[in-house]
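Below are structures written as C-alpha cells.
You will see chain A twice below: alongside chain B first, and alongside chain C after that.
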Partner chain A sequence: MANVTLKNVTKKFGDFVAVDSQNLEIIDKEFLVLVGPSGCGKSTTLRMVAGLEEITEGTIEIGDKVVNDVPPKDRDIAMVFQNYALYPHMNVYDNMAFGLKLRKFPKEEIERRVNDAADILGIQPLLDRKPKQLSGGQRQRVALGRAIVREPKVFLMDEPLSNLDAKLRVQMRTELSKLHDRLQTTVIYVTHDQTEAMTMGDRIVVLRDGVIQQVADPLSLYNEPKNVFVAGFIGSPAMNFLDAKIVQEGDEYYIDGHGTFKIKIPEDKIEKYSVKDYVDKEVIFGVRPEDVVDANITHDFDVTDYNSFVAEVEVVEPMGSEIYLYLAEKDHQMIARVEAESKAQVGDNITLGIDLRKIHIFDAETEEVIF
Partner chain B sequence: MQLTLKDIARMVGVAESTVSRAINNKPGVGEDTKQKILSIAKQFNYRPNQLARGLANKQTNMIALFIAEMKSPSAIEIISSIEKAANQAGYQVILCNINHDLAKEKAYLELLDTNQVDGAIFAGGQLADEHLIKASLSGENKIILLNRLTEELLLPSVITDNSRGTYLATEHLITQGAQRIALLTDENESLIKEEKVSGYQKALEEHAIAYNQNLVIDSQGSREAGYHAFLELINLSDPPDAFLATNDLLTVGLVEAIKMGGYFIPLDFLLVGYGDNLLTSIFDPSLTVVKEPYQELGQKAVDFLTDSLAGKKLAEMIVVLDPVLKIRKSSIKN
Partner chain C sequence: MFRDRVNWFALFFLIIGSIVILFPLYLTISVALKTPQELGQSVLSLPTGFHFENFIKAAKMTNYWRSFKNSFIITFGAVSLTLLTNSMVAYAIARNLDKKFFKFLYYYFISAMFIPFPIIMLPIVKQTSKMGIDNQWGLIFLYVVYGLAFNIFLYVGYIKSIPRSLEEAAIIDGCGVWTLFWKIIFPLMAPINATVAILSTLWVWNDFMLPLVILSEREDMTLPLVQFVFQSQFSTDYNLAFASYLMVMLPLIFVYLVAQKWIISGVLRGSIKQ
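Let's look at the complex of A and B:
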C-alpha cells in the first residue's frame, strides 16, 4: 500500500510561505495531478514528498510511515523531471540499468527489470542505441524507464513533458496514462497546464499561492468549482465572470447585471443554496463560454427573456468545429463558444441564451461559490 | 526619471531586497507582488546598474572547487586547469579537499549556503548524493559535476568516457600480442571503476579472449597497492603477460615492483599506465599511458558554471570527453 498523506505541511523560505498547511490524502494507485500557476508551490510540494526539500511544519507519510526524516533513496519513490538528461556515452540499456547497478542488484535481476520496463515502454529495439540516436519522445521514455526499473511505490513527476513539442506532448500524455494503468502505482504529477491536468488526473489538486483551493476529479472540478480562482483556472477559454447583484421580485430571484442582463435563478437552486441571504448584495456571475449559446440555433433548452441577453459581436474567431464569439454589452465583456453553423458577424447585435443549469454565482467579497 | 530600487520598493510597499529579488528573477516573491514590481520597473524603464546588481546578488566572483582527493597528480592537473579557466573568466577559486569524506563535503557546502561563493565544481569521487541535488534544487545553487556521476541526472556534468580509455588500452595491448592482461583498479572510484572494467571487458570480448577474474585486482588505488598487486599476480600459476593500471599511483607502484623483481618492460611484460604527468614520465622506458583530457574538462566545467551563473540555458546537460592513448615504449614488443 502506498498512500501518501500530507498533514498540515508547510514550507517556508525565510518569511515567505511557499506551501501553506496542506492536508492531502493521495490514495494508493491513484494518478494525482498538482496544478496551478507558476510559483504556486507545486514543485516545492513534490520535492518535500521526494525528500529533496526540508519540511518546515507538518508531516508526510508514505504507506503509513512518517518520512520527514527518511532520505530520498529510502522512500521507495522515483522521480522524473523536465530537464532529465541521459548519459550520452552509455546506451539505453546501461542508462536504464545505472541505478540498479549502483544498488548492486544481481545481473539477472537488472536484466529482467530493464527488459520489463523496455517492453512496457515499447523501446525494446532501442536498447543498444546511444541517446543521440533517439527522438525526443524516445529519450523521454528512457528517462521514464530509469524510474520504472526501480519499481517504486510512488512516481513523482515534475512537468516531465514540458520540454517536448506540442504534438508529442499530447501523445505522451495518453501514453503516460496507459502506463499508469499498466504499472498500477501511485503517481503524483505536477503541471501548470490545466488541459494536461484534466486529461490525465484521476483527481486534481488546484493550488494557489501555496494553498490548496480544491481537490476533486476532473468533472467535479469543472462542474462544481469551489471559488472564482478554480472556476477561472479550469476550462479554456476561461469562464466568463460578470459583476452583478441578486434582486428579489415577489417569489422570484434574479441575477442583475447592472442593467446589462437580468437572469432568473432556477427554483431548485434557490431552495438548495443560500441565495436568499444575498438579496441586494454584490455577487460574481460565472458562466462558461460553452454554456452561452447563439439563440438562432436550437438547443435542449428554450431561450426566453429570463435567460438571454443581447450583445454586440466584436470578434469572430473560427476554430474549425466551433466559433469563439467575443462579445460586449456596455462595460461587460464575455466569450461564447458556439456551433460552427452560427451566422454571427462582427458588429451584429445578437441574442445569446444562457444554459441556466450550468450557471454559477460567487460571493463578491470572499470569491467563494454560492452555487 | 531615473528610478532606484528604493523608489520602487516605496511605491509597492515592500522591502528593497524584495524588489531586487523580483527584478533578478530570484525566488521568494509572491506572484502578484512580483508582477506589480515588474510592471512599475517596466513603466519607468528601470535598469539596474551592474554594480548595484552585484551588490544585490551578493556576487563574490569566487567559486569553490570540491576535489575528492589531493594525493594524485591528476588532482593537481584538474585543480590547475580549473584555476586557469576560472581566472580567465574573472573568478577566483577556493579549494576544498574532501578527501573522500562525505561529512567534510557537507561541511564545506556551507560556503554555498552562506553565499560565500557564487557556485561550485565538484570534481571526482563517489556518486553525487541527494545532498548535492538538494543544494542545487532547493538551495538554488549553481553546481557542476566533473568526473563525478549521479543517479538523478539533474546537474550539469562534464565527464570522461572512462570505458573508452581502458578499451583503447586493452585493444592496443592485444594487438601487441598480449593474451593475459592484468587490470589494476581503484575501489574508491566505484562507478568509474566499473566503467573502466567494462571497457576492458569489451575489448577482450571483441578479441575472443575470456575474462579472467584472477587478473583483475581491485585495491585502495595507492602506490603500495600497485606494488602489492604485482606480487600477487606474479604468483599466479598462469601469470599475466601485460598490465593495465587505471590510476597514476597504481601505475607507479606497479612499475616499481616490476623493476624490483628484476623484470624488463616491455621485454617481460607490456604495460599501459594511467595519467600523463611528471610521475609517470620519469620512468625508463617511457610509458604508454591513458591520458584524460583534464585541460578540456576543466575549461568545460568552468564554461558550464559561468554560463549558468549568467542565467544562460545550457545547450547540453552532460558533456562526455574521450581520453587518448599516448603510445610510447612500454607497450611495444620489440
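Let's look at the complex of A and C:
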C-alpha cells in the first residue's frame, strides 16, 4: 500500500505562503496530476512529498507512516526532474545503478534491474553512453529509468516533459501512461500543461496561489468546474466568460448580458441550483467554445431566440478539422469552435447558438459555480 | 587578396610581444650552454658547443636533487591538500550563500586577497616558530590556508553553475553529504580543480618569500631558495646560474604541456556560468 496523504500541509518561505493548508489523499497506484500556473505551489508540494523541502505545518504520510522528519532516501520514492538531473560524469548504466549501489544491492540484482528498465524504455544500446551524447528524449528515458530501477512506492515527476519538443512530448505522454499501467505504482505528476493533465491523470488537482481549487477526474473537472479559475484553466481554447445578470420575466429566468444577449435558463436547472436566489444579481456566464455553434449548421438541439445571439466575426482560424471563430458583440469577446463546414467569414454578422445543457453560471462576487 | 586581410596593427604587437618573451628565453638557454669565456666575448651570440657540464656543476653546487625533493614534497602536499580542503570549504559556502553567516565567510575569505604579504610576514614567522611548524609541514599548511582566498573565489563561481537538481537527485538516490560531495560534486568540479591545481603548483613551486621566512633548516630548502644562495655566492658565474634556472623551470614546463588544455578551458569554465 502506498497511499500518500497530505493533512493541512502548509509551506511558508518567510512571510510568503507557497502552499496553504492542503488536504489531499492520493490513492495507491493512482496517477495524480498537480496542475496550475507558475508559482501556484505545485512543485513545492511535490518537493515536500520528496523531502526536499521542509514542511512548515501539517503532516505528510506515505503508506501509513508520517514522513515529515524522514530523509528523502528513506521515503521509498523516486523523482524525475524537469532538467533530467543526470550525473554528467557517469554513463547511462551508472546513472541508473547509482541509487542501487548506494543501497548496497548485490551486483547481479543491480544488473538485472538496470537491464529490465533499459528494455522497458528501449535504451539498452545507450547504456555505455554519457548523458551529453544523448538527445533530449533519450535523456528523459534515462531519467525515468533511474527512477524505475529503484522500484519505489511512489514516483514523483516534476514537469518531466516540458523540455521536450511538441512531437516528442506527445509521444512520451503516451509512453508514460503505458508505463504507469505496467508498473502499477502511485505517481504524483506536476505540470503546468492542462493537456498533459487531462490526458494522463486518473485524477487532477488544480492549484492556485498554494490553494487547492478542485480535485476531480479529468472529465468532471472539464464538465463541472467548481469555480471560474478551474473553468478557465482547463480546456483549450479556454471557456468564454461574459458578465451578465439573472433576470426574471414571469416564470422564466434569463441570463442577460447587459443588453448584448439574453439566454433562457433551462427549467431543470432553476430549482436544482436555486437560481431564484440570484435574481438581479451579477453573475459570470461561462460557455465553452465548442458549445457555441454556427446556427446555419444542424445540431442535436434547436437554435431559437432564447439560446442564440448575433455576433461579428473578427478572426477566422481554420484548424482543418474545425474552425475557431473569434467573435465580438459590443464589449464582449468570445471564441467559438465550429465545424469545418461553417461558411463564416471575417466581418460577417452571424447567428450563433448556445448548447444550454452545457452552460455555466458563476457568482460574480465569489467566482464559485452556481451551475 | 591575402595581404588585404593582414591586421598589421595586431601583427606588430604580436611580434613585439613575442620578442619580449622569446629574447630572455633565448638568453637563458644560450648562456646556460656557453662557457664563461664565450659569454665574455659576446652575450648575444649563439653557443659554439653544448656545454652540458654547466648543468652538472649547477646541480652539484645547489644540491639540486635534495632541493627538488623538498620542492616536490611541498608542492605535491600543498596542492593535494588545497584541492581536498578548499573545494569542500567553497562547496559549503557556495550552497549556503543565502545565509548571512556563510555570506560573511565568503567575503571574509575573499578580503584576504587584498592583504599584502609583508604585513603578515612577521606574525607568521613568530607564530610558526612558536608552534614548532617552521618546517616543510608548516609551509604546506600555510599554502593551503593562504590559497583559500583566491581558490574560494574560483570554486564558488564554478559551483554556482552546477545545477542543484543534481544534488537533489543524488539525495533521493540515497547520498549523504559526504557521498554527495565525493561522488557527485567533486568529480563535476574537475575543470576548476585542474585550474586550481595548476595555479597552486605555479605559485608554490616558484614561491620564494614564504619558504625564505619559514624554513629554518638548510636541508629543507626549496629550489628557489637554493638558487638564491647559489646566485649570491657565484654572482659572476652566469652560466651556472642560468643552467640552474632552466633546471627549475623544466618540471613546470612539463606540467604546462600536459595540462595546457585544462588551463585555458578551466579558467574559462570557472568564470562563465554554463
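Rule of thumb we're sticking to: the second predicted complex is superposed on the first by the 361 of 371 C-alpha atoms of A that agree within 3 Å, B and C clash if a C-alpha of one lies under 4 Å from a C-alpha of the other, contacts with A are read in each partner's own complex, and residues count from 1 in each chain.
To be clear about the criterion, a contact is a pair of C-beta atoms (placed from the backbone, for glycine too) under 8 Å apart; a residue touches a chain by one contact, two chains touch by 3 or more.
This is a predicted model, so every value here is computed, not measured.
Student: Please determine, from the superposition on chain A, whether chain B and chain C clash or fit.
Tutor: Here chain B and chain C cannot both sit on chain A without a clash.
Student: What is the contact status of A:285 with respect to chain B (first) and chain C (second): first, second, both, or neither?
Tutor: neither
Student: For A:155, select first, second, both or neither according to whether it touches chain B, chain C, the two together, or no partner.
Tutor: Once the two structures are laid over each other on A, A:155 reaches no partner at all.
Student: One more residue to check, A:77. First (chain B), second (chain C), both or neither?
Tutor: Second partner only, chain C.
Student: On the A-aligned overlay, A:209 touches which partner chain: chain B = first, chain C = second, or both, or neither?
Tutor: It touches chain B, and chain C stays clear.
Student: Applying the document's definition of touch, where does A:261 land relative to chain B and chain C: first, second, both, or neither?
Tutor: neither
Student: Thinking of the overlay built on chain A, is A:31 touched by chain B (first), by chain C (second), by both, or by neither?
Tutor: Neither partner.
Student: Touch test for A:39: chain B only (first), chain C only (second), both, or neither?
Tutor: First partner only.
Student: After superposing on chain A, check 21-29, 57-65, 75-83 or 237-245 and name the one in chain C that bumps into chain B.
Tutor: So the stretch of chain C that bumps into chain B is 75-83.
Student: Please write out, lowest number first, the residues of chain A touched by both chain B and chain C across the two complexes.
Tutor: Shared contact residues on chain A: 51-52, 71-73, 79, 81, 83, 85-89, 98-99, 102.
Student: Considering the complex alone, what residue numbers of chain A touch chain B?
Tutor: Touching chain B from chain A are residues 13-14, 16, 37-40, 44, 47, 51-54, 71-73, 79, 81, 83-89, 98-99, 101-102, 209.
Student: Looking at the complex, which residues from chain C come into contact with chain A?
Tutor: Against chain A, chain C makes touches at 163, 165-166, 168-175, 179, 183-184, 187-188, 190.
Student: Which of the residues in chain A come into contact with chain C in the complex?
Tutor: 50-52, 71-73, 77-79, 81-83, 85-89, 98-99, 102-103, 146, 150
Student: Could you pull out which chain B residues touch chain A in their complex?
Tutor: The touching residues are 27-31, 34, 127, 130, 133-134, 137-138, 149, 151-154, 159, 161, 163-164, 191, 194, 316-318, 320.
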